[in-house]
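Here is the structure we will look at.
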Amino acid sequence: MSEKTNEKLYGTMNSEWGEKFRLSVFGESHGAVIGVVVGGLPAGFEPDFAEVRRELARRAPGQGETSTPRRESDEFEVMSGLLDGRATGAPLMALCRNLDTRSRDYEPSLPRPGHADLAAAVKHGGFNDYRGGGHFSGRLTAPVVFAGALAKQLLSRRGVDISARITEIHGERDPDKFDGEILEAKGRGDSVGGVIECRARGVPVGWGEPMFRGVESELSAMLFSIPAVKGVEFGDGFELARRLGGEVSDGIGVDSNGNVVYLANHNGGINGGITNGEDIVFRVAIKPTPTIALPQSTVDLSQNKPVTHSFAGRHDSSVVPRAVPVVESAAAIALAQYL
Amino acid sequence: MSEKTNEKLYGTMNSEWGEKFRLSVFGESHGAVIGVVVGGLPAGFEPDFAEVRRELARRAPGQGETSTPRRESDEFEVMSGLLDGRATGAPLMALCRNLDTRSRDYEPSLPRPGHADLAAAVKHGGFNDYRGGGHFSGRLTAPVVFAGALAKQLLSRRGVDISARITEIHGERDPDKFDGEILEAKGRGDSVGGVIECRARGVPVGWGEPMFRGVESELSAMLFSIPAVKGVEFGDGFELARRLGGEVSDGIGVDSNGNVVYLANHNGGINGGITNGEDIVFRVAIKPTPTIALPQSTVDLSQNKPVTHSFAGRHDSSVVPRAVPVVESAAAIALAQYL
Amino acid sequence: MSEKTNEKLYGTMNSEWGEKFRLSVFGESHGAVIGVVVGGLPAGFEPDFAEVRRELARRAPGQGETSTPRRESDEFEVMSGLLDGRATGAPLMALCRNLDTRSRDYEPSLPRPGHADLAAAVKHGGFNDYRGGGHFSGRLTAPVVFAGALAKQLLSRRGVDISARITEIHGERDPDKFDGEILEAKGRGDSVGGVIECRARGVPVGWGEPMFRGVESELSAMLFSIPAVKGVEFGDGFELARRLGGEVSDGIGVDSNGNVVYLANHNGGINGGITNGEDIVFRVAIKPTPTIALPQSTVDLSQNKPVTHSFAGRHDSSVVPRAVPVVESAAAIALAQYL
Amino acid sequence: MSEKTNEKLYGTMNSEWGEKFRLSVFGESHGAVIGVVVGGLPAGFEPDFAEVRRELARRAPGQGETSTPRRESDEFEVMSGLLDGRATGAPLMALCRNLDTRSRDYEPSLPRPGHADLAAAVKHGGFNDYRGGGHFSGRLTAPVVFAGALAKQLLSRRGVDISARITEIHGERDPDKFDGEILEAKGRGDSVGGVIECRARGVPVGWGEPMFRGVESELSAMLFSIPAVKGVEFGDGFELARRLGGEVSDGIGVDSNGNVVYLANHNGGINGGITNGEDIVFRVAIKPTPTIALPQSTVDLSQNKPVTHSFAGRHDSSVVPRAVPVVESAAAIALAQYL
């Protein structure tokens, strides 16, 4: 093995999450498979896999004019951790084979602006799987949705319900105009981002372990792992910074049943890092898909020469619609830690 | 011990952080001490404690009309982990004794809107230290700044420099008008929030371990542990959601020395969770101090009766100015993981 | 989903290990697959898979009269994390399909003495995969050896070499008589245990992070995860407890090259939890295979009735020979944390 | 700060433990203080500090002829995390000031055989606190006993009782002769080790998370953090390696109340990493105190010259008696993770 002692070694990635409900995600956009090992599923839990498939279908591409035409298989096969349809307590591994890969679309020598291509090439010494972003690809959100669907089912059994919706596309807040914004950008070879709001109902008081393991910390860490998320805010978020304390006071009162209640929820259900029993409310900012048909400045690394290139691909003009179930899944995975 | 077997036990907190540069924060606002155990300081490191004191002074109260008149001791005494002024490699413990506590200002039966008082009372079965928020208090940011000052010095030795500044107070973006906004709110017995922008210069390419341990995830988790932070955004953040992909493309080029460079930094120095060599840029939203002189709705828990109460205290009309070094410290602690 | 809210949930398992070199093991003895996700492999690393197969072959059953006749597939297929034969930095997932399962050999209602059957049934509410021990099976040491083989190759590149050997079978210390002991036990329908000694050469000074993350702590935690290991000792181990301090002093001297050296190694290369540059030496005690042909007392849980049962199966009369590469692998995985 | 950029930095230590019941130990043998931050104490828990002091007294030196004459203060002061005598849920910090230090006893240039002195000097670049072993000192077991006493009280409330006793001193198994063995060694300027057996009664079925987080793994990791521990075995331990499977079968039966019970406990209450409801039983090997009055070979590092030196000090001729409460504490801390 002596000839290998000078083999130069480079950086790694870490696609594991969680202490109680745990994920280990693997796979690449254009490799053989994508998949996930889910740890921490309680024995006896009977997942509803039809529901899991519905969640995956919400994320899947090819859902109409606003989405990428790439046909992806989102059929996950469970290969361990189940017996007679119920979780055994052991790790559940599920994988999904990749179809319809077109790796020739990607030029290793032309890093895509707005992607990790260039930084990853440096970090990994050029040994990273550059094909379609490899392990960095948005395709890896499929196993996150698979695991998130299980987390949602576990939360649901405890009365916690999570749902997200688009509140803005390209600055437009009228839902009837969202598709229009996306199609207009598509028509120009461009792309648009947007804002997704997510709400968790039924969360009990007292989840979260401040100082550093508060609910906002756990949620935001998970949310920023979603590609294209560039901002996270809770409750009124950045708008709070523009208001007076008296205007955004979450007063406390007594309801007709004699229960102590909050009179408002500017804080998004979290105070000092712990849940207060109100709905958890947060929003994430999704940037426009960086891979667009319009020409962009990049560098041909093989010649160190600046070039202008159109990264055609088959990309979404906006990932925002498909990101909705991913945001819900991320939230569910983060909150499942507290069950 | 038999009489204790039915003792009812309640929730805990978790004030530990980090794998490489590690903190364990302890203490309460009106208890005997506040302090921190810092793990992971390399042996031989000679901290500049004059610089640590300067950082603490930036956070300290009583700095003028815009700040609380409470006199806090911010004199930390190092009690372990140093020999002849240099880190020994063993955990460094530093503590600071509390002075000038006025616990009578706080009524345990009157939870303060916008604080964790009510949720914490439920979570901890009423056994939490309610005096001034106890371990939830903003006073606990002092040990974070102490540790952050050490992290900044370690980063500085590697060429990484972190600095933050206020970019908005109560929606106002003109720095000359910031004090005016704060004083005007103070005059009305009210409070204001704001936005702090932080920049880390000199960060090398390739920090961060996607998917779930990306730099945005690590930074945001730490930033949301700061009381009053309700939003975090990287690069152009929420503004990205309102722009076209072509408008915010971080094009790639070649500079006059032949180095591959980015032509813009809309992504705040991070792509796919890893640093790209550009400045890391992020902003945090700070909410208005919830404890204000104006009357607020709360409940007298001893009688389950709604009341209107003025939580006078001696509070800042805006914590934004004092939060600036806290944000820098949080960023430094998060980034010190990568050294 | 309302009918599921009363679904009773039970305990979980945790088959993840490590912070730097990380494993997530999945699969069951008689399920579809066994496998592992290995995190932390540096990009550019070119594993020698022929060597990996050789290590797996050392652990495989059916190697002669002293081993179980079960034919297991130990062909692992790498499904992610590799490109052109080199690690990409992303998680490497490898799996192995199970063949030749004979689940009818196992009666869920008859817990095997010396196995986790009974405790697992309680912990997991009867939902655990009982077939051949499921995820508790010794078969799950195959993915550990797969990962360990990679760890050994990484360590080897840094000059660290790990090798183990049997030093005792059923109390016998003469290697020529080891097979005899095993065959004699087999002839009687019984089983024997033994002792394996492992040595890591070339370890540099200073690995280990006391107090609680010392090298002995890390190694022993990993070693006790091997089924059948019931004791771990470093250096002279339990024998040290029987000697005088003066007899087992690891004196310090200067060699002919002027280097400071140890004159003895009673401490097995570790002092105060950190490596001292001498060989790391430890021994593990392996208990006799609890599944034997001789009748044993158990309980028919379907009737709560004591019975005497012969758990024939196709088991090793001693797992000690096959445990040798498992011990090496466990050691390599634990030590790879320090690279 | 430019002159510091070439400051050479060395290794660290990690004195943190646990996920649920957590410790962060700090301090040095001859520094200002020793202490611990205990995280994870449930709010409402009322520690019995008289009991804590009794536990500390069992570990304290100066208890008769067999112990060191050093007078140590073992008075811990609780400085956070308590209100009106009950845990608040926030971290509990306790410290103890050091008295009666005699640092001149230790020569930094003469590393003590059998201690970490030499390895630590390399690892920490000579910046470690060498005085009496610094953070490596057995004195640091005092905060472990402090925390362990709290863990024992929490376990006791759940019916789990932990107690340890000496079973061997210098190979002698007759308790009446233990003091004789120690005094005889003392008379010769030598030292002796021994074996401590610990038993946890009342542990419920199902603690432990295999594969890698089994109870044996957790306990052994904690136990090997105790200075001088060089071996750990569960149940019959190494003796199992010398017996036939049929001889050490933990048969299963039905007791007179119709409960399924084990008919023996050769496995020490743990199968496959999880507790089976029987007593957890384990033994640890304690090596002879390496610091003895007899001359030992070492090297004067200031001249790189071999010398023979008598490390007089004021050391125990056997730490075994004082290690008994430390072993119990370590076990309690490890098991408190499962509450």
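Each chain carries a letter (A, B, C and D) given by its place in the written order, and its residues are counted from 1.
Keep this in mind: a contact is a pair of C-beta atoms (placed from the backbone, for glycine too) under 8 Å apart; a residue touches a chain by one contact, two chains touch by 3 or more.
Source: prediction; values computed, not measured.
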For subunit A and subunit D, what is the smallest step count along a path of chains that touch one another?
-> 2
Using mean Cα positions as chain centres, tell me which chain lies farthest from subunit B.
-> C
Please report how many Å separate the Cα centroid of subunit A from that of subunit C, as a whole number.
-> 36
Provide the C-alpha centroid distance between subunit B and subunit C, rounded to the nearest whole angstrom.
-> 44
Take the average of all CA coordinates in subunit C, do the same for subunit D, and state the distance between these two points in whole angstrom.
-> 26
Could you say which residues in subunit D touch two or more other chains, in rising order?
-> 11-16, 25, 123, 135
Chain pairs that touch, all of them, please.
-> A-B, A-C, B-D, C-D
Considering the complex alone, what residue numbers of subunit D touch subunit B?
-> 1, 4-5, 7-16, 22, 24-28, 31-35, 37, 39-46, 48, 79-81, 83, 86-93, 95, 123-125, 127-129, 134-135, 153, 156-157, 159
Once bound in the complex, which stretches of subunit A touch subunit B?
-> 11-17, 23, 25, 111, 113-120, 122-123, 133, 135-136, 140, 168, 170-171, 185, 188, 190-195, 205-206, 209-214, 216-218, 220-222, 224-225, 227, 229-238, 240-246, 248-254, 258, 260, 263, 266-268, 271-277, 285-290, 292, 294, 296-299, 301, 304-306
